[in-house]
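Labels for the chains are A, B, C, D and E, by order of writing; each one numbers its residues from 1.
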């Protein structure tokens, strides 16, 4: 109980400290190198912009959050389904993998203009964009996890007359969760980029649009205010995923602290 | 010997078939839906563009290849170093991880002017950009792999008086290789994107430049020719990594074919 | 020779013809300059890099100049490349848009420039509309394809010498509303900026002098210069650019260094009235004639 | 009974033996089984039969091929040649309970969940009282909610045994199931196994001659390279026999002699 | 000799015992060791001492805390309280060879590489003849280049034993090292261990009373909740003793009685 408390407090405190630290570094850099404000505004100017534009920014942030969450959801779904399909069908794997790789090689930037033309300038094209950015890390790591499941566990389940579905649900999926977690982490970190790229290519709202617009007007402070919100979202999303994974993966040993085991 | 032969032949043949298949689908789609060429040019037009611009495209492709390889190299180096540092120092991990996540959330585009300001117009800013895109999947998955190493293996090495370095080199690193492989796969797939994004930052060469340039000029056929070359590169890179990983990970069980074990 | 880096506003295109021709005929060399031409990836980048002294000169647009000055960027106009507006509000035939009033309730795409609201608002007012009567959507650089694919009904920011041609090439008839015909004060579309600190740089008058030679030569030998350009930039050798090359000829400023202060002041007032800039600065703050 | 089926044995004659009297549980019929790993021949043309309801202990030196044989019978590995089938002519997989040489507990499931996993895998209702009874009998009733990582080696093995017994399958295949247990616990769990598996067809791999003689109706010794089955021999009396049962002691002596011979 | 150190024993008196005559190998001194997992107390205030050069066998029922004790001595786990130190006053980790209850072979290394890994980890030259000799003695000379995945359970265990013996450390800690071996192979490997560990300080966990009596100078039994050490007892004569050595047989009987008592 107490340990949990201190840990959580420590986490929050650490987050705050990192936050303050980064801002101080940023401030220091701008002052030290006399970085002109149209390149990198000082934190105080950004804070002012943040406050002045709070309504406008909040509105657009909300839209971006929607896009990110939807993109993440569909991306995970697509990624997981592809990984499963590849696991179940070596045929599918052999034929699909190269296609997936090609799909990754095509920079979404290049595809984005086309996607916008196909799916319109609304939510759909952004969600698809985010999905495209996300699904591959998920597919790759999840498939790797499924593939590397201890064969003994699967064999045993087979002797217990588990249907392929039951094997999947009770053994393979769970055993692949750690690897899936890796992919999910990466996905959570890159999801915001996907949404923002979508907004850049065509939209009339969202933080990406705010950034583009203020950038064109040389309002770097507003641009960085939007960037700040975006980073905040990413960190929250990451933390959420991290906490979730720690819950789900209670059974995975953690060998990350070689110094001592008593932490 | 024979098995290897047929396999390799099968691979090559499959690759070719997928290639032809994708092009046929593309062709069919453009014909069937009468997609206007500014949305998606037909393969024959792209082929013509490819041939007409061969010198120009080859020149730029070479530049992009250089950037990809350099970006991948440095990205892997950076990603692996960060993962190691995080493993060795829980302190570093706790403080660095949020920073890394923020670094992912900031779209490189927003940083582009700053990077050019700091690193100039040359190769450096592009390689850095590619590195930024690549390192995170590597860090995340490698760190996950290091963290999930069987503690017994490390304990045993400790009883044999292995220095932290020896533990790392002989046990932790090897045990984390499968996870590292996952990350490497993703990195190889996104490296071309990184390079292309890098090229969009104030330089006048490389396939990314060709794409953006031709896109802005409505020369979709040239744009797709560049895209095609880029995809080709990505697939080759992927195959290379895949073959390499299969070599290195000879000891990892493969449970990917639930149907039979005799393949 | 003195090295001089010039950052274009955008990828090389026929709008840059005078600079390219000056390079072709060795006008810069004659002035003792070694000019390096760098295209940017994004039109918002050149002024910043100029302000940061990463380049010596940068191409930009007159409307942008006010935004830059308003945000305190130490840049100043020293020359003009194109002294006409190129911007248009563009629709295509068959959309039921015949005049400005026809845009009521329509979707208009734009490529973010910072001044599109003001421009559009003024233009729509001529048809008794306001910005609220249309919906705006950023289509980035895809003005033509967004229009052709009917994702939008009209676009603002299309150039009469580029996008209009592209529309025609696709067999569609464009409906063009030139901005200066709908209440927008005349302005210079493409201008040359320098850093304020180096406004006195002796290389700048030399550059402008060479540029003038380039313009003169270009106007005298349009076909020959196009042929040379097409050879040097094989990727740009197509009908569209060829047409554009011809069309742009009358737009180039025959005396690049000359400054029409009254015009600059008028446009500044327009932006101030549209609340896009916070204060009206004296022209000398952001535009000078270096030959005086 | 155990019979070494000679390759030439009349197939019709074999068929007549299908009517096993023992509670109707099918036996195991192995014919001409060959297993090779590359150049190494583990065994060749191995044929034998275990009648329904019999408890057979299989012994043999380390690396001779016992586990491989068990896996092939369980359908978890493919033989190079030969066949395995139930004495009723039906395939064996699908009606076995298998316990491998490693405990293979699922690390994300508690002890109780591990024991009852089979039911959930088959979408049957979980027989909790039965599982609780088994855990009680193997001495893990206080550890039902523990994860495998918090168990000792012997506790893990006992959980795996409980899981195997939970299945109540007609054919039970176990690979050194008691190897990590101390003498007292081992005797207790052996008694449990003997009691619950009384009418099942059981093939048990063990290295402990005493265990083999206490539990088995018949004993088989696998030996040699490539491995062959020695003539199976029968321990008189009904298992589980007391450790000091004279039948056990003489059989143990006999078995040890066989093993020593086999190892030469 | 093994001594149960009473909590009140005079520290000075203990210090005088440090001069061990046996080849100078340090012994193990355990003081007031307590281990708790949450509410469960595995053992409390456990104190004993193993003199240098002695071979001690530790027995006890499954889950009583043997492996935990061994890990704490090896420095691989932390006790809740108490101390472990060499009889020469120096810490124990750094001069042990440890073999855990799982074989822990590194799956990416061949048998030979696994055996000689210690040398590579310490950047010492690999003593190949020594490794080859050991593999020969445990019967794996033909399997030097095999990966662990291609070994049988008993083969894996023998490879792990060879790896432990390869280390030639003054203190050797082994957790059920022979549990997966058949009787014949086991006797052979036991003899090897007894021979090579003759003057080392050895703590061996085993479930096999015969093994304990054949190999140990002294036997200790851990029992109860929380676990306590029974009075240690000595087997007369020098190990390895023949299985039919009368000392072994009587000790075995005595030990079995102790174990049965302990299990009550």
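Rule of thumb we're sticking to: contacts are C-beta pairs under 8 Å (C-beta built on N, C-alpha and C of every residue); 3 or more make two chains touch, one makes a residue touch a chain.
Since we're looking at a predicted model, the values are computed, not measured.
Student: Identify the chains adjacent to both chain B and chain D in the sense defined at the top.
Tutor: A, E
Student: How many steps does it take, at the fewest, to get from chain C to chain E if each step moves to a chain that touches the one before?
Tutor: Between chain C and chain E, the shortest chain-hopping route counts 2.
Student: Quick one: which pair of chains has the most contacts?
Tutor: Highest contact count among chain pairs: A-B.
Student: Using mean CA coordinates as chain centres, what's the chain A-chain D distance in Å?
Tutor: Averaging C-alpha atoms per chain gives centres 50 Å apart.
Student: I'd like the Å distance between the centres of chain D and chain E, where a centre is the mean of that chain's Cα atoms.
Tutor: That pair's centroid distance is 30 Å.
Student: Could you state the distance in Å from the CA-based centre of chain B to that of chain C?
Tutor: That pair's centroid distance is 38 Å.
Student: Residues of chain A that touch two or more other chains: which are they?
Tutor: 39, 113, 117, 150, 167, 200, 215, 252-253, 261
Student: Can you list the residues of chain E that touch 2 or more other chains?
Tutor: 102 - these are the residues of chain E that touch more than one other chain.
Student: Where in chain C do residues touch two or more other chains at once?
Tutor: 48, 52, 141, 145, 149
Student: What part of chain A is in contact with chain B in the complex they form?
Tutor: Against chain B, chain A makes touches at 14-15, 18, 22, 39-40, 86-88, 90, 93-95, 98-99, 101-102, 104-110, 113-114, 117-118, 136-137, 140-141, 143-151, 154, 164, 167, 172, 178-179, 181-183, 185-186, 189-190, 192-193, 196-197, 200, 208, 211, 215, 223, 227, 230-231, 233-235, 238, 252-259, 261, 263.
Student: Enumerate the contact residues on chain E facing chain D in the complex.
Tutor: 37, 59-68, 101-102, 139, 150-155, 157-158, 175-176, 179-186, 207-209, 256, 259-260, 262-263
Student: In the complex formed with chain D, which residues of chain A make contact?
Tutor: For chain A paired with chain D, touching residues are 150, 152-153, 155-163, 166-167, 170-171, 174, 250-253.
Student: Which positions of chain D touch chain A when the two form their complex?
Tutor: 74-76, 93-94, 96-98, 100, 102, 104, 106-108, 117-118, 120-123, 147, 149, 167
Student: Give the list of chain C residues in touch with chain A in this complex.
Tutor: Those in contact with chain A are residues 44, 47-48, 51-52, 67-68, 70-73, 109, 112-114, 135-142, 145-146, 149, 151-152, 276.
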